[in-house]
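The same chain A turns up in both complexes below, where it pairs with chain B and then with chain C.
Then we have the complex of A and B:
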């Protein structure tokens, strides 16, 4: 089975929110310096599902990302986990694309790669949490689309896709090629092997520009975006320490309880 | 499995320095880092002396993520009701080649690992080396999970609690008395506020060290370094005494933040990071065997850290030892001899450099610095003396020497001070 997995490079979601800054002018979330971005954890689960399919049926996995030249780290992550190949899509005209622009770019690259049975991506990206790129790719390529897949079985030019709902499961049958987004519940993605990391470190990842994949700059980027961020805010979080002085544990406990009531903790 | 010329375990200053030198010389080098990225798990106070790094990467300050250059050093003795400080500024310290640098580890180690990759080595982050491979009684590579990676030499730069140095039979267990615990908060403040509060301009930085009540008299001290947009504030306390007194370093750090000298410096700041780490502090007394067949130990893993009371230096010792280990590996490669005998060259190189010479010069310091009077008595004594000198109480003034004598007599004895000074003369 030939699979293409679309992955996104995102600021590390494990970094505490307090370390992020919001640039009010550009409406951008600024991650802290020195902490490298990572593969979107939802996409990493899509990659895991692809690797399970490869383990079961054989085939080839190609990892695709759109971003800057530095985004090759997430393609390499995929290769270190067991994917076969990968490409970075990067062009100044791609910058600030909305979901439609991004899907347009990814779909163009998918067509260039060609010969695919299944396209996978995570249910959403952990930075903007919109979760629509997968469905727009399906629309652009006129493919059947299933969201929130938990498991996939291959059966003679068709796929049986099990998807999660709030109260249970649904199983759909779709012809290939198909576009599927993957839910969180597939479980923890495998860790890269040492030899995988070495192989990925040495692999040259090609960077495709707009011209390479035949994307018209007018259809992507900020100019083509169908919406614009108007305001960003974050829940403020503060830590305050007061040291309670007391002679006995009883007294300390009472004083603590009084203090907690005073600040409205209960 | 492919055979590497050298495998380095640990992506801190020691590991990166050795991998960088070996890769630049054309060796096939693989560096394993346990953290998600180099710098993810590493910690220091924040001030760093530059000569070794300048030797490794000339004029590194032009590209390294330096926060500020240290131009102001303050040593402050904290007493219950105030403090006595020595404030040193040098205009010479704010021009190349500078002297002290303030850096944040996540950025600095990431930068060093990038240099290692550019030199041609492979940096494999997020990989924990679980064990060493042995062949004919010599270290012959490493094991990561079920995977084996053979190599001619393994450089252990896996930090203070080096389990691999133990597995290689190079060290025995440490005692809590051999360790200090460092705890630190990074507190964000606007750049202009920092420059106003600490009397700095442009890239100037302040390094402030505290001795006294901040550790409740336990051996150790406090520190405050100015980053670009934040302050690094922390404590370093001997672990054995913390355990004995049932105190927690994190609680003492909160107390430290409430001290009037500190609270006004950090006012309005937002804590964005908390970290803690162990620091090997018994010097030569805890130093493991540095070499065995097929392996060398560097940096914190080899307890190569100098604490003189006024200075706590580790990172430049780490870099120097990493460079010496790399040189040893290159010479061994030339002779194709990685036996213990051949690798004993490493210790010889360290003896010729400042690394073992400094540790030898200050070999008495670790024991001397356990003297509780340094932390409990002397900061109070200094405070009382200056308070008496500056105070005007309407009574006829006494001669300064008389004041000093009276206070010393009340708090301690001249004999014990002379004895401490005598010990200090020899130790530091």
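Then we have the complex of A and C:
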């Protein structure tokens, strides 16, 4: 099974909230000092699902990312986990693309790579939390689309995709090639292997420009973006915490019960 | 026909779903501010009753499409129906609930209609000077709120987070127009098929309905520790939820997860035990009425999010908390 996994480089979402900074003027999040960007954790889980499929059925995994030349680290992360190769899509004209621009760019690269059975990405990116690029790629390429996959099985020119729903799950049969987004619940991604790390270090990651993949300049960048941020602000902490003062944890528990009773919480 | 604001309504067991009542509240406010009618699209079989309800709940024009019920429908089919309906009705604002179906078809519809799309909005408002629609949504895992505005002339699609507005109240005296809408959809638009749809039975109270939630995080340390939390929840007439860590560790099933990738709850009382207070979790519970934190680490972020806190080991705090609650209840 030949797979393409789209991944994004993001500021580390595990950064402590106290270190999270915003530049309100430019409406941008400032990269936290001393904490390097990471592969979007949701996409890392898509990679994990791709690797399980490769383990089960063989085939090839290509990792694709749009960003700057520095974004090659997330492609290399994928290769160190067991992917086969990857590309970085980078061009000044890509700057400030919205989800539709991003999907246009990724779709162009996917068509250039060709010969795929399955395209995967995470359910959303941990920065803007939209979760729309995967489905827009499916629309652009007229591919069958399934969201929030938990498990995938191959079945004669089709896939059996189990996906989570709010109250349970659904199983779909989907013809290939298909575009599938992967839910968080697939579980922890594997760690890079020793040989994978060496392979990734040696691998040359090609950088493709707009011209390399035949991007329509009218559909990318800030000019093509359908919306813009009017405001970006930190979420305010609306509450002020009263700490129960006590000599022992035992006493604190008792006092907490009394306090809860006092405010009518039970 | 040209409509301004169109709501994608969901029908559950012949009735307007609660999530749809919520966007009827949000949509009605927008419609009033803009001085425009509010339209509702309903898809289903024999849903005349729901259509009447949609008028009572604030809809001015309710369009009814005969189609399979949402629980059984392939998203491709619903997408095609909605896209076709939008071609006829040409709305400039289309609102979905951020549900399984809404989340799936909103961005695909935006791609087809060349509209903008904003997912998981918690507030919709009109900019007084320009009249532009402003859509607020949590970003960066709940660390920040972005307010999005679309380019003039662009149709705008948004999904609205459940529980971000109160459900609309029914006013049976409200008048509105109910009209059938005929859409022709090519059955080949459905790629593949639904083989199985399973609704998992919830044991006890649904998290979303619970008045009291006791939530455990990584600090619980293992599945055994949850016995104490379950005891407290049972005593207070509530239920137990978890953060991501207990799911990732396999201590508790994913159906119990509260947060960005789990459920959104807003109980009267939320007791977070051994929860660090990561924004990705807090985004799922921050609208709780009273938020209590029990954590060993005095610097844990949860203490910036809570109303009441106890710094201490939950294994020592909970037994006396439970005992005292019991005696106070008697």
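By our rule, the second predicted complex is superposed on the first by the 235 of 266 C-alpha atoms of A that agree within 3 Å, B and C clash if a C-alpha of one lies under 4 Å from a C-alpha of the other, contacts with A are read in each partner's own complex, and residues count from 1 in each chain.
Following the convention adopted for this analysis, a residue touches a chain if its C-beta (ideal position, glycine included) is under 8 Å from a C-beta of that chain, and two chains touch if they have at least 3 such contacts.
Bear in mind the structure is a predicted one, so any value in this text is a computation, not a measurement.
After overlaying the two complexes on the shared chain, residue contacts for A:29 are found with chain C alone; chain B is out of touch. Of the two partner chains, chain C is the only one that A:263 touches; chain B does not reach it. Residue contacts after overlaying the shared chain place A:166 against chain C, while chain B stays out of touching range.
When both complexes are overlaid on chain A, the residue A:55 reaches neither chain B nor chain C.
Measured by the number of chain A residues touched, the leading partner among chain B and chain C is C. Within the superposed three-chain model, A:192 lies in touch with chain B and out of touch with chain C [touch as defined at top].
Judged by the touch definition given at the top, the superposed model places A:241 against both chain B and chain C. When the shared chain is aligned, chain B comes close enough to touch A:201, but chain C does not. Where the contact sets of chain A with chain B and with chain C meet, they give residues 16, 18, 238-239, 241, 243.
Residues 1-2, 30, 32, 36-37, 39, 65, 104, 106-107, 110, 117, 122-124, 126-127, 144-145, 147, 149, 254-255, 257-258, 270-273 of chain B touch chain A in their complex. Chain contact summary for the complex, chain A toward chain B: residues 12, 16, 18-19, 32-36, 38, 191-195, 197-198, 201-202, 238-239, 241, 243.
If you check the complex, the residues on chain A that touch chain C are 11, 13-14, 16-18, 20, 22, 27, 29, 98-100, 103, 123, 126-132, 135-136, 138-140, 144-145, 147, 158, 160, 164-175, 178, 183-185, 187-188, 225-235, 237-244, 246, 248-254, 256-261, 263, 265-266.
Considering their complex, residues 75-76, 99-100, 103-104, 106-108, 110-112, 114-120, 127, 134, 137-151, 154, 156, 191-200, 202, 212, 236-237, 244, 247-248, 254, 260-261, 263, 268-269, 277-280, 286, 290-294, 301, 303-313, 316-325, 328-329 of chain C touch chain A.
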